[in-house]
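Two complexes follow with chain A in common, the first pairing it with chain B and the second with chain C.
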Partner chain A sequence: MSVKKQVSENSKKIEIFIDGRFDFSLHQHFRDAYANCTEKGQVFTLNLGATSYMDSSALGMILLLKDHAESHSGSVVITKPSESVNKILEIAQFHRLLTIEQ
Partner chain B sequence: MQNNLRLILSAGGVIAIAILLDLLFIQSSYLSIIAAVLLVTIFAYLIKEHNKVDLIQTTDKTNENKSSTDQDIEKTLTDIASLLHQQLNIIDNEVDRASALIRDAVTGIADSFKYLKNLSEDQQQMLNSVINYQQGVDEDKTMTIESFVHDSSETLEDFVQVIISTSKQSLEAMSFTNEMSKQLEGIFSLLGQVEGLASQTNLLALNAAIEAARAGDAGRGFAVVANEVRALSVNSTELNNDIRQEISKTQSIIERLQSSVETMASADMTSTLEAKNRVSEMVEHVGDVNNKTQKVVEELTLISPKINDTVEVGIRSLQFEDLAHQTLTSLKSNTETINLLYQEIEQFDVKQGNSAEKLSILQQKCQQLIHKADHVNDNRSVSQSSMDEGEVELF
Partner chain C sequence: MTTFSEKRNIKLALVVDDSLMQCKVLSVLLKEEGYRVFTANDGARGVAMYIKYKPDLVLMDINMPIMNGYEAARKIKGLSQDNSLCPLIFITSMDTDQAFIESIDAGGDGILVRPFSPNVFKAKIKSIQRISDLYGQVKTLQQAQQKDAELAEQLMSGVIEARNFSRDRIGIIRQAAEIFSGDIQLTALAPNGDVNVMLGDFTGHGLRSSIGAIPLAETFRAMTKKGFSLFEIITQVNHQLYDLLPADLFLAAGFVSISNHNASMYGFNAGLPDGYLFSELGDVKYQLASSHPPLGVLPNLLPDSQLTVVSIAETDRMILISDGIVEARNEAGDMFEFERFERAAKKGVIEGDVCKDMLQAVNDFCKDMPQEDDISLIDIPCGGWEQLLVGSHDFESFPDKLLSDTSIKTPPAWHWQLSLSGKRLSVINPIPMAMSQINEIEGHADHWQSLYTILTELFINSLDHGVLGLSSDLKASADGFVEYFKEREHRLRNLDEGFVELQLSHHPVPNGGRVIIKIKDSGQGFDITKYYRDRELASPQKLKLSGRGIDLVEQLCDSLDYQNDGTVVEASYVWTS
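Right after this comes the complex of A and B.
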């Protein structure tokens, strides 16, 4: 249960890893991971490969990240969600809002 | 018997000739010759006479024979007549019976066909209303299961969106309360500074009191002021503590608020996921059922016209009553012919010697009947012989 962050050399690409349960307890760490990235046109990649569970607060956090990215002309890409996590993303119709890559 | 007689006479003649020849060539007695010639002559005459009698006897025999033949003919004809009469009665009765049976049966069948047609029309109407219902013609008034499931699915999606939106707003509220907490921390540090000021004021007032005591009577009034200032600093420290306590309470309230917000934000999506799956299955199932029902109903509507067609064919086939009636009627004309024949035969009366004449009259009558029957038969062959010709409406 942790949030890790990788920033590319030109700081245009920020990759955030969520390990284990993605729930409310991570909200502060998650917010901290992107709050100070205010450059224009940054791409935030949310790697859910190691995410085992996601509740509605995780969806809310992703939406907040999306708002943040868009307010700085950037975008959000979700990668490698597991089957159960992908189902939740589908219910929330995130496929219409974001790019989801397997 | 006559033949025997002729044989004896001939034998006698031959013997007489033989004796004559014998006497001529062997004995040559004139008297014997004359006697032999006389004998031959007598035999010759006898043979001649006998032949005459023979002829007459034959004629008599023929007359006798004729008389017995007439009786035979009459008896035979009487037999034929009675057999004809009996058979005619049976045929007439059977034809009448067949006519009545066919008429009754046709009436019954026609009624059932009519009823069947009505039923089929009713069924068609029901099916049409079912189809209209399925296609949603009455959509404004009624709610179909399909639309209900569709609505449920949409409601569920809206519900999910509401949950997510609530989570997002809660998280934003969370960050605001975090900022508020930080602000309160700032107030604490300010309060610390205010406390520092109070303690410095307290120290200052203490110093002032000391200086006032040293000044003696002149400093007495100043000592009072210094005490008041000290009291103020103590009061302000108390006030500070009160403020600190209040802010601490606020902080604990904020913590409770944050936990509430956390609860609000953290909705487990698993049950929603299951509900969504169930609704999806339901949508699929209802769609399947609807399609199948639609298909069956459409097939049923195709069957109804077929039933109608079949009923039409059945009704048309009922023309066989007419045809059968015609056939039976023409059969009646045949029996009439036979009846006339029967009457002629019954009237046939054989008397001595007129049989040939009577027979010839009977033959003539027969010829007339044959001619008449042929005429009737020609007419019959013109009449309708197939049931597929023409069409009959329901009656």
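Right after this comes the complex of A and C.
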């Protein structure tokens, strides 16, 4: 499966990994990765280190994650996007909506 | 397609077996399950019966004279490619792997090996019928979806795109990945002769991605027509899409307004790849990069958002694209990318048909690879728009008697006025309000476009030169307008005093009317006699970048008069129906 999740011991940090293409086909898996994380103040890290491609529905899915995190007083951080994925984030000006760490 | 069996509630079964005894046994069991049964004793006859009755289920023996079961199964499966899955089960006593594999290869949906008990047989029939029903449901849903998509496509091309402005001069590529494209291209003419263009790309594609298309098109067109500025339109579109769409649906969009009047292009890119301004030789003059997240993501535009202003020559071309072009892939998995785009665009600009050359280049690159995303492009010529406006105003046709002053002596049929001061001046555009009053009272008519131009020019003069104290000298050079615009933005943001007062009164005359426009501002005024003197001295051949607004207003009005040292301007506009 190309969506993996890692939860820290105190369950405050949730890291989600996307392997390969990040597109609409991952919709359900991606949602499942965070839907039951409803504790207050959790930090969701979306690790795109192994993501080869991302389309606009993936951007939409990230916005859903952001909504979910913020409705539980948490936040979203995107990490390690490759050059091509970063280009897509840049065109969409996502660095103005959430934190992106190289 | 409705088949013979679908019209009735009773299901039909076809039993093909050369043994009359077997036919009889299976028929009895099937009848107990509620089927009406037909029988055939060889494969060829079985195929003929299948064509005639279109049954819901076929039971097939393997070894038969004339045509064996495998061949008959292949023929039947070849015939039933349309909508319904007619399940076909082989009934055999050959309990071998080979028989099983061949049955499935021939198109069989299952195999039952004799001997079996009546209950096992019935269970098998039930399970296969369940699959068949599911298949039917999927097919029905798929057809309904297809119909919806076709309807939406019709609506899109027939209603939204057919209403685009100047479809002969503005080139558009719209090649959808599915029937219904998530991309939308809109063009509309503003009352002052500016041309507004938008290329949008909704998240994903297909029907889901396009629910925002109709309200978007309506807003874009209505606001352009009413004379709202491009920035006001973008602000409203963003707001509307935010309210309307779920969080994961949004619109990446590029907006461009071409103003021949100011020799400038105003642009805004929210999430699209760079837009390109090309010279007539195909050189890249400017790239309009994305400066804002897509529209519909945030409730309001980011506070530092503003339009980009670029000086243009009439021979330039502005091109907007969606990511479908640069991300189109060939067999090796390489993307088309910007370099190939720029090369194809350059060729197109020089040869005069960007759309044709671009499609050619993308198709040559992708060959037979299926298209993954919508491909779209808008190619806008930067010149030739202003003539269109002035040319459409036939000023000579006014009868002289209407121009006499008698009509103003009688009291106006109506009077409207608005005074804006301080900060309100920087955020409120009173022109659409004024136009909406006129349209509501006097009805909609094409000649209000000229009135709109007069109002806009006079109001902007009062605001820019009167209240903001900007000098037209700033516009002296070719890039001057860009400088002017920046300074204007800066002063507007810091504005907290001053006022502009706008008055309109309408005096009906036979077959028409006369509108008196009076605008007063809090500025210092200016030396009108000097203005006219300078204008007379200016060589007509010299490229003039300021004062064109007043020339235009003079052409459109029957009188234009400055009072109180230039702090009050009064114009009279006469129309006939």
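Just so we're on the same page, the second predicted complex is superposed on the first by the 101 of 102 C-alpha atoms of A that agree within 3 Å, B and C clash if a C-alpha of one lies under 4 Å from a C-alpha of the other, contacts with A are read in each partner's own complex, and residues count from 1 in each chain.
Here, a contact is a pair of C-beta atoms (placed from the backbone, for glycine too) under 8 Å apart; a residue touches a chain by one contact, two chains touch by 3 or more.
Because the structure is a prediction, the values reported are computed rather than measured.
Trainee: With the two complexes overlaid on their shared chain, look at chain A and say whether chain B and chain C clash or fit.
Mentor: On the superposed model, which is not a single observed complex, chain B and chain C clash.
Trainee: Could you say whether A:R31 touches chain B, chain C, both of them, or neither, answering first, second, both or neither?
Mentor: A:R31 sits against chain B, while chain C stays out of touch.
Trainee: Which partner chains sit in contact with A:S75 here, chain B, chain C, both or neither? Use first/second/both/neither.
Mentor: Neither chain B nor chain C is touched by A:S75.
Trainee: Per the contact definition in the header, classify A:L64: touching chain B only (first), chain C only (second), both, or neither.
Mentor: both
Trainee: Identify the partner contact of A:S56: answer first if only chain B is touched, second if only chain C is, both if each is, neither if none is.
Mentor: In the superposition, A:S56 contacts both chain B and chain C.
Trainee: Looking at A:R96 after the superposition, I want to know if it touches chain B, chain C, both of them or none. Which is it: first, second, both, neither?
Mentor: A:R96 contacts chain C only, not chain B.
Trainee: Now that the structures are stacked on chain A, which of 182-190, 272-280 or 344-352 shows chain B clashing with chain C?
Mentor: The one stretch of chain B in steric conflict with chain C is 272-280.
Trainee: Same chain A residues contacting chain B and chain C, which ones?
Mentor: Shared contact residues on chain A: 24, 55-57, 59-61, 63-64, 91-93.
Trainee: Mind pulling up the chain C residues that touch chain A in the complex?
Mentor: For chain C paired with chain A, touching residues are 201, 203-204, 247-250, 252, 270-273, 290-294, 297-298, 302, 323, 373.
Trainee: State the interface residues of chain B toward chain A in the complex, per the touch definition above.
Mentor: Touching chain A from chain B are residues 157, 160-161, 163-172, 174-175, 178, 262, 265-269, 272-273, 276.
Trainee: Okay, in this complex, where on chain A does chain B touch?
Mentor: 23-24, 27-28, 31, 54-57, 59-61, 63-64, 87-88, 91-93
Trainee: Once bound in the complex, which stretches of chain A touch chain C?
Mentor: Going through chain A, the ones touching chain C are 24, 55-57, 59-61, 63-64, 67, 90-94, 96-97.
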